[in-house]
Structure formats: structure tokens, C-alpha cells
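The structure under discussion is supplied below as C-alpha cells; questions concerning it will follow.
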Amino acid sequence: MQTHQAKRVAVIIEAVMQSRLTDAMEDAGVTGYSILPVLAGGGRSGRWTREGQVGRGQGMVQVICIISPDKLDDLLNKAFAVVESHIGVITVSDCEVLRAERF
Amino acid sequence: MQTHQAKRVAVIIEAVMQSRLTDAMEDAGVTGYSILPVLAGGGRSGRWTREGQVGRGQGMVQVICIISPDKLDDLLNKAFAVVESHIGVITVSDCEVLRAERF
Amino acid sequence: MQTHQAKRVAVIIEAVMQSRLTDAMEDAGVTGYSILPVLAGGGRSGRWTREGQVGRGQGMVQVICIISPDKLDDLLNKAFAVVESHIGVITVSDCEVLRAERF
Amino acid sequence: MEGMLALAADNLLSPIILFFALGVAAAFARSDLSIPEAVAKGMSIYLLFAIGFKGGASVADHGIDATLVLSLFAGLILSFAIPILAFALLRVMTGLSVTDAAAVAGHYGSISIVTFVAATSVATASGLTTEGYMVAVAAVMEAPAILSALWLIARFDKGAAQMDGTLIREILLNGSIVLLVGSFLIGCITGAEGLDLIAPFIVTPFQGVLCLFLLDMGLVAGRGLREARGVLKPGLFLFGVLMPVIGSSLGLVAGLLLGLSTGGVMLFMTLSASASYIAVPAAMRVALPEANPSIYLTLSLGVTFPFNLTLGIPLYLAVATALTGG
Amino acid sequence: MEGMLALAADNLLSPIILFFALGVAAAFARSDLSIPEAVAKGMSIYLLFAIGFKGGASVADHGIDATLVLSLFAGLILSFAIPILAFALLRVMTGLSVTDAAAVAGHYGSISIVTFVAATSVATASGLTTEGYMVAVAAVMEAPAILSALWLIARFDKGAAQMDGTLIREILLNGSIVLLVGSFLIGCITGAEGLDLIAPFIVTPFQGVLCLFLLDMGLVAGRGLREARGVLKPGLFLFGVLMPVIGSSLGLVAGLLLGLSTGGVMLFMTLSASASYIAVPAAMRVALPEANPSIYLTLSLGVTFPFNLTLGIPLYLAVATALTGG
Amino acid sequence: MEGMLALAADNLLSPIILFFALGVAAAFARSDLSIPEAVAKGMSIYLLFAIGFKGGASVADHGIDATLVLSLFAGLILSFAIPILAFALLRVMTGLSVTDAAAVAGHYGSISIVTFVAATSVATASGLTTEGYMVAVAAVMEAPAILSALWLIARFDKGAAQMDGTLIREILLNGSIVLLVGSFLIGCITGAEGLDLIAPFIVTPFQGVLCLFLLDMGLVAGRGLREARGVLKPGLFLFGVLMPVIGSSLGLVAGLLLGLSTGGVMLFMTLSASASYIAVPAAMRVALPEANPSIYLTLSLGVTFPFNLTLGIPLYLAVATALTGG
């Protein structure tokens, strides 16, 4: 089946920063993004879990964005500006997509 | 450690289409799949979130399937037949797996 | 934007084994990991879903870990020791990260 | 008339409506107030469980009669018929495509269970008793409208709809239908005794849960309206308030012909006037993916639901009272 | 005997059983009716919280006596012993491997808290009072059976089980044990006063929540049975209905020796007859990954639980009544 | 004094405190007992909904007066002022950086709604009536403290804080503020009539839900304390128990000047003494990412909350009673 090169950007970011990140992404002209829940995690700032949590202060989400390679740099710059001073992880990997016209 | 080439197919699809997609995948002879929740997202048809939603009409899930490369094309064809007329994203990326005999 | 090579290890493992796996990962000196929920799935041992489930006996989670390539082998060995006798899937894929110093 | 205005007035100040308004306001102000999906689903399960069981228990109380069967049948007919009327209206009143019009039409033939519950509360508050089996009528009216919508597509836009056996099963065995009918039957079987057993769970706290649920609906409706600003053209909006009135008049005729009580007539009007926002949208996404969901969701949840809740229900009550001389 | 049939009959028509049946039916019909995981967990937390607290409060009421301690001890013994009996039975009655047999056996030594709750409701409905500390006995019986199962493995299939300190801690500090025991102790401490304070939450709505919870259990059990069609061989099925009867007779002996009330004896029989489907399966996945979960889940949730709910409990009640002359 | 000790004693044995202790114990023992996030959120929504509505209904009952407005104003001032005091204290008592000190300070100017609820229960249990509008005061005190904290940063550590319009909106339209104020207003509008309607949901089961919610808070607090062992230096710990006492004295002065009832004074003391662990931490993560969350979370949820719950509230009650001669 005919597929096309694309980039998969996955950002694990604090839940409180989610809307700021997605706004930045829309700035960068992404055609879409999806937000996945993260239940728990561990890192240099210790372990955490969402179990029994009421507040939004603790916890991360994963924002996934599939984009065409030419938009990558702009997206990374805009996304990084949001994440920079916060904890979180930005990864980029190659992938192939169907229906390239959508990205 | 000894690893083997495989393909990681990730389909972000409407929740209402989930069972149809997994049926199609089993048709294509995949040995397994996993379904991850998607909390919210944005795209050409606007933003959405599952927060406070009762109905299944709105919202997506992510179906992940690790398969051996030789099964990829058949899977893509069968999966695409389901997604074709619907919103959603199909991505394929390379990965390595342990216990190759399972895929 | 300046990015660096890294590995993305994704382990789909039974929920009951989660803490054992993350302990093993910390043994292997990972700097962090994130745990994502899995709603449902299917495999050689049949289909399952978390819907309406009270017990932890059935169901999987996905543990994601971004590490620098040099730590990969140690991690895989330690992780595999946990997963070996259990159902589950370990995949490794290439990715690029910002802020390499964190991994 | 005056009585009706008074009724409308203090209906507007009832807790459930004020909590719905609070939700809409919070959504417009982009507050992060939100109710977890699992809790919202839990509340809707509670509501279906409670009204189903109570309806069944009251049937066990008053016994089954011919009117019950005829009412179910009338509900079936209305659910099939209303979409066709709605479709025609949409084609003349709005610029909607055949697909969008059919999708919207399907929602109006089906029902909104919360609107039904709200109407029941108003009826009870006005000292009216209602036929317990109206719950079963509600269940019966959920699905047929979807089939009508798909038929409209097949008729006017060859082969656009994607229909298969699985879909039919999904439509007929939809979770809310199964729970509503199941609880109704269990209520019938266990009767007053069963009701006494669980009344402290399904009767006394009911109104409070309903308030929280309407807060959630307000949040969802408000968010939808904010997202879909562009969609809501005057013609569509007009349809959203006109259609329930037309629907209710069909329900009125049915109720009168069946010789239902004042409360029963009012509930029949409400069912016919209300539009689905749970079962039908899901079915439409499967069968009519090209139809624009923000149109039917905004209309049914953002326009028709609040209209029925605030003005519709008192209107239907007033009319039913007048015409049944109740 | 007749009385017992009558009892069994209207037990079969009790709301909780009908809702369980509704769930099973919905699952078989592949309806999309489902209760969110978080809501299901919330309900089970509520049930443990409520029965633990009520049990403790009633102990505070009646005071602690030697029988309490002896009952706990008896529960401990039974939980250790029953798996060995079950294992032997499985090896002769079924073709299960040592691993599968041991895994299944562990479930039958442990208990199902919902079965216990259902039995308590039946007892209360029949005007029996029960010893409040039976809740503590239930808690005590949860874990030991798991250790027996692992011992069986070590004994008959060298080194197959994966046992470590962490696992022991997980088994003994299992969430449901901690909540049940904790609520029980708090009930003991705060007594009648504490109970008055929260009775409107844990007493009056209890039966209603139980109905919803059984609906959920029916959905899960039905789904499991559908998935595991192949697994349920006649021999296994027979074991699933025979083992509870055998277990209950051991509970009967213990209850009589302890000189418990009729209700107490019946509850002891129920505990010994019931099989775990929450704590034990989780432990087995960790310790015996090769054991096939669909065997023990189907047996305990799909066969033994419904058997106890429908026929077992009335039987245990009848026997206990007869033999205690209560 | 004696009376106070007695009060403190049976306060310590109240179900809510025992369930909090159970949660902490379970977390320390690393039991897997946990309450799903959705259920925990659902309970906190329930609590805000219930106390907001009850407060409003009682205002509708007693009418609005000048004291109400003055109390809101006093709350505003205290919420702005307390962080500055706390900041100074932290700088002298502990080695915290400006950023960490400001972040912690913000928490103490804001409030903990559960502490407020617990104090209300104690007041009611001691036969005191409290001004219904104290709920509104609680709402007013939530946000200003955050602005103070950010001002402290701007003042002492130029430009460290990341402040923008979005953040201000998020702070002021925080979900819990909107729900609390909204329910309060709806309570005011619908008054006694509305309260009668939903009392079986928000009044009678309230204490039971509160127990479960405190179990959850105990689990979260215990987990936090376990994770943050290192963080809790003696100086910090001392601050965590000293600051509420200081805060309460400011609340005392305000309450006396306002001429509130004994119960009202006690609640004002409690509000000033309590520290936020929901709204403020979230705001701090956005505005002060460099501040170490385990410091302010451990202090507010792990030290000050339990202190207020166990010793603080009885103390505030005793002092309020003595000084109002109530």
C-alpha cells in the first residue's frame, strides 16, 4: 500500500501545560494532535501516580502529533518554548502514513 | 540482546469503529493488538475531549499492533478499508522486538 | 533544532507486573519512565477489556522509557528477566530527543 | 396562560435548570471545571437504572393493560415517522445537505432520557401521576428513528449510508436501551417489595444526582456551542426550537387518542419533542461518517435540549392539562 | 425442604440476582452496555467500606468474646485446608495440569466478598442476626489459600511458582483486605455513634448499590463465559458446583463446633463455599503465569459465583436452620 | 482547657480522622489500596456541590447582611496578607530559596476545603450554628494568595515567575471556585425549597462520603510523605505546625472584629489556618516550575492538613468559644 514519510512527535508534558502546548502546536500549523493519558511515572524529580489525585498539579499527559517533515522544525521550536522551563520529554521518530494529504 | 525487525502500526480511530477495526485486524492474521485511550484531540474537524462525555459518538482510541513486516501490507489494506471513510490516522514505523516467534 | 539519537523502549506488560518492571528499570539506571493505560487488547491468550473490572488480575499497561543507546542492552536484559515468563511485548525503536543530557 | 407563565418562571429557577446554566456558563468562561467521563457515565447509568426500575415497579402496581401495548406501538410509529417530517422541514428551512439533514432528522425521532426525567419531575411536582410504562415507551422510541434516517439516505442519496448487521445489533442492543428495559422488567417482577428495598438509593437521592448530571450536560453543551459557533445558522436554530413543538403536537395527538392521563400525555409530548444526543450520534458516526457531527450535536444538545428543559416542558404540561381537562 | 424451595424461588427473583442475570444476558447478546472500570472499583470500595464498618460497629455493640478469636482461627485453618482438598478433587475429576489445578484450588480456599454480602442480605431478610465479626473472618480467609496453592506447586511441581517477599506483602496487604479490616476496626472503635453518623451512606442505599454492582459482575462474568467457551469441560463445570457444597460442609462443621448463631453458621458455610475472583487471580498471574487464567476466572466467576448466589445460599440457610434448630 | 482536651480526644477518634489515618497507614505499608482518580474527583465535586449549596440555602434562610460583605472582604485581605507573613517566616525559619518559600507561602494564604468541611462538622457536632456565607468566604480566599506568591517572586527574584492572562483566568475560574460559588448562588436562589429537594443527596449521606474522601487523602498524603522523606527538615516541619496557629490567630481577630458567631469565628480561624493542596499547587507548576513541588505538597497535605484535622480544629473551637463567650 502507498505510504508517505512523516514525523511522529511525542511530548510527555505536565497536565497543567497541556493547553499551552496544543495552542503552540496549532500556531505551528499542525493539522491535528491527540492527547493520551499517563497513569504514573518516575524521573529525576521522583515517582508519581494519578491514583486518588484530585488536583491537576501532579501528573503528565502525552501529546502525539503526526506531521510532514517540512513542518517539524517550526513545531519543535514552538513546542520547546513551552516545555523548556518545565519537566517533560520531547521525542521525534520517523513513521509512514497513509493519506499524506492530511498532514 | 537478540532482537528482530518488526513493524509498529498505530491507528488513531473513532471509538465507535474500534471493534470493526480489530475484527479486520484479526482477519489479517495479526497475533495481537492493544487499545489505548485517547483523552482529547484536535484536527480538521475541530477539537474534542472525553471529559464529561456520556455517549460514544465523540472520541478516538489508539489501536497499536506489532507485526512482522511480511504481514504489513495485508494488515494495512484491511485496516484502511475500515478507516477509509472515517476520520483517523494510520502510522507505520520500524521497531525491533524480542521473542520474534510471537509476531 | 538540535536533536540527539535515543532509543524508545515500549513494554506492554501485565498490570500486576508493573512495579516489578519499573524496579528493574531503575536498577538498569534509566533516568525516567512513563506508564500509559491500556483499555483492552487481544492476543494468543484471547481478548480482554478493563471495562467493569474490579480486580487487577486481568489487563496490561504500557511502560515507555526513553534512554540513550548505550544503556539499551542493560535495560533489555533486566526488563526481559521480568517479562520472560509472562505475556507481554517489548519493542525498541529509534527516536531523537531534545535535551539529551537528561537521558 | 398565566398559570403557565408562573410555572415556566419557577421551572426556570429549579435547581436542575440552574445547574445546567452553571455548566454552560462555566464552559463559556473556559473554566477548567469538568466532571470525569467515568463519573458522568456512572450518573447516566444510575438515572437509567432508577427510572427504569421505578417505572416497572409502578406497572407492577397498576397492572398491565391494552393501553400499555398500544402506547408502545404508538411510540414505535412516532419514532419512525418524526424523522421523515423533520427531514422535509430541514430541506425547506435550511441549506443542509441530504446527508446532514437525514442525520439531524434521526436525532429528533429518537428521545432524550434526561428531558424525559425532567418532565417527570415537573409532572410529579405539579401533583400529576404518570403511567409507569412511559419509561418503556421511551425505550421503544430510541432506535427506530435511526433506521428511518438511514432509509432517508438510501432513498435520497443512493448508497451513502453504511449499514450492516453489526450496526443493527448495536442500535437495538444499545447499552442505554438494554439497561432501561432490563431495569423496567426487573421493576415489574420485583414490584413494590423490590422498590422498598432499593428506594433509598434510587428514589430519595435522585433529584440531587440529576442536578449534578445536568451540571455535566451544561458543561458539555457549552463546550460544544463554543466549538461550533460557525455552524449555528438562524435557519438551523429556528428548526431547533420549532421541531420540538411540532413533535410534541404529534405526541399530544397520540396521547389523547390513547386516552392517557394528563401526566402521560405530557410525557408523550416530551418524548416526541426531545432529541437524542447519546445513542443516535454514535450510530450516525458509524453509518453516516460524512454527516457533520457538530451540526446534529449542537442542535440536539445545544438548542433543543435547553429549549425543552426551560420552555418546552411547561408548555407541554399546560397544553396537556388544558386538553385533558386534567 | 418445601420452605427451602420457596426460599430458593423468591431468592431467584430478588433484584440482585435479576440484575446479575441482566448483565449476563447483555454480555451474551453482545450489547455495548458496560460500567466504567473506575465506577466498578468505586462500588467495590463502597461495599468493603460499608460491610467492614457495619461489622465492626456490631462487634462494638455485642462485645468481643472467645468465639471471635476462635472463629478467626477456624477461618484461617479452612482457608489453608480447602485448597488442598480442592486440588485433590481437581486431579481426580478433571484433566487439569498440576499448575492449573493448584491455581484453581487457591481460589476456592479464599472467599468472594459479594457472595458473603448477598448471604448476609438473605439472612437479614429471613430475620436472622449474624455475628458482626464474620466480616473479620472473611478478611482472614482471603489470603492463606494463596499460600496453600503455592505450597501445592512447590510440592508437586518443583520450583514452578515464583514467590518472593514482595509477593507475600502484596498478598497480605491486598487493598481489599486492608480496607475491610481497617473499616472493621474503625467500626469497632466508633461503634454505634459512628454508625449513626454514616448510616445514611452505608446502610440505607446499600442494597441499591449492590444491585448495580451485580449488574456489573454479570456483564464481566458473561463476557468471560463467552470468551472461554472452549475451556468449560463437563468435569470442570461439575467441580464448580460440587466444590462449594463440599466447602460449605466444612464451614458448617466449623460453625457448629464454634456454636455460632444460625446466621453465623450460614455465613461460615457461604465463606467456605465461595471462590475468590479478585485477590487470588491477581496473585496467580504473578506467581503462576503459566496457569491459564480463563480456567480459574470462568470457574469462580462464571460457575461457582452464580451457583452460590442462586442455589447455594438458600441451601446453606436451610441446612444451618435445620442443624442449629434456629 | 480540660474540655478542650476531651474534645481533642474524641475528635481524634472520629471516623473521618480514623479513615485518614487508615489511608496513611496503608500507604506507608505500601498496600495497593487505592481509589480511582475519577472516583476521588467525583467525591470532591460532590463535597463542593454539597457545602456550596447548603451554605447558599442557609443564607437564603437568614438573609444577606453587611457582615456578609465585610466577611468576604476580610477573607480577601487575609488571603493576600498571609502569604507575605508566611514568606517572611520561611526565610528566617528555613533555608528555602526565594522561589520555594514564595511557592509554599502561597499555599498557606489559600484554603483547604476539606479542612473547612471537617471544622463545620465539629462545630455542628458541638451544637454551634455557623454563618452559611462562610462557604463564600472560603471561595474568596482560594485565589488571592496565589497572586501574592507571584508578587513576592516578582519582588524578590525578578522575573522568575511566568505570569500571563491565561494563568490569571485559570486561577480565578478554577473549577473548584466556580463549582463552590455556583452551588452557593443556586442554594441562595432556590433556598429551603431547593434544599428539601436534594437534601437526601447532599445532607444525609455527606458524612459517609467525607470518610471515604479522607481515606483517599490519607493514601495520597501517605504516599507523598514516603516519596519525600528527605525533604521534611525540622525547620520546615515546625513551620508546618506553627503557621496554621499564626494564621488562625489572624482569622480569630477578623472573626471577632466582624462580630461573627462562635462557629463563624472558628471557621474563619480554620480557613486562615488551612493550606491549599489542589488549586495552588497546579498554579505553581505553571508559574513557578523551578519551585520544588514535593516541598509544598508535603508541607500542606502531609503536615498542616493532619495537624489542623487532629489538633488545630479543636484548638480553634476552644479559643473561639472562650473569646466569644459562646
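Couple of notes before you dig in:
Residue numbering begins at 1 within each chain, and the chains themselves are lettered A, B, C, D, E and F in the order written.
Quick note on the criterion: a residue touches a chain if its C-beta (ideal position, glycine included) is under 8 Å from a C-beta of that chain, and two chains touch if they have at least 3 such contacts.
As the structure is a prediction and not an experimental result, all values here were calculated from the model.
Counting C-beta pairs in contact across C-E and across D-E shows that the higher total falls to D-E.
Among the remaining chains, E is positioned farthest from subunit A, on the basis of C-alpha centroids.
Look at the CA centroids: the one farthest from the centroid of subunit B belongs to F. Averaging C-alpha coordinates per chain places the centre of subunit B 34 Å away from that of subunit D. With centres taken as mean Cα positions, subunit C sits 18 Å from subunit A.
Between the CA-based centres of subunit C and subunit D the separation comes to 45 Å, rounded to the whole angstrom. Touching two or more other chains at once are residues 36-37, 56, 93-94 of subunit B.
Residue positions of subunit E with contacts to 2 or more other chains are 32, 34-39, 41-42, 205. Chain pairs that touch one another, listed by label: A-B, A-C, A-F, B-C, B-D, C-E, D-E, D-F, E-F.
Within the complex, the subunit A residues that touch subunit F are 14, 16-17, 19-20, 45-58, 85-87. Residue ranges of subunit F in contact with subunit D, taken from their complex: 36-39, 41-42, 45-46, 49, 169-170, 173-176, 178-179, 182-183, 186, 189-190, 194, 197-198, 200-202, 205.
For subunit F in complex with subunit A, the touching residues are 34-37, 40-41, 44, 162, 166, 216, 219-220, 223, 227-228, 277-279, 281-282, 284-286, 289-290, 292-294, 297. If you check the complex, the residues on subunit B that touch subunit C are 1, 3, 6, 8, 22, 26, 31-37, 61, 64, 66, 93-99, 102.
Looking at the complex, you find that subunit F touches subunit E at residues 13-15, 18-19, 22, 25-26, 29-39, 42, 204-209, 211-212, 215.
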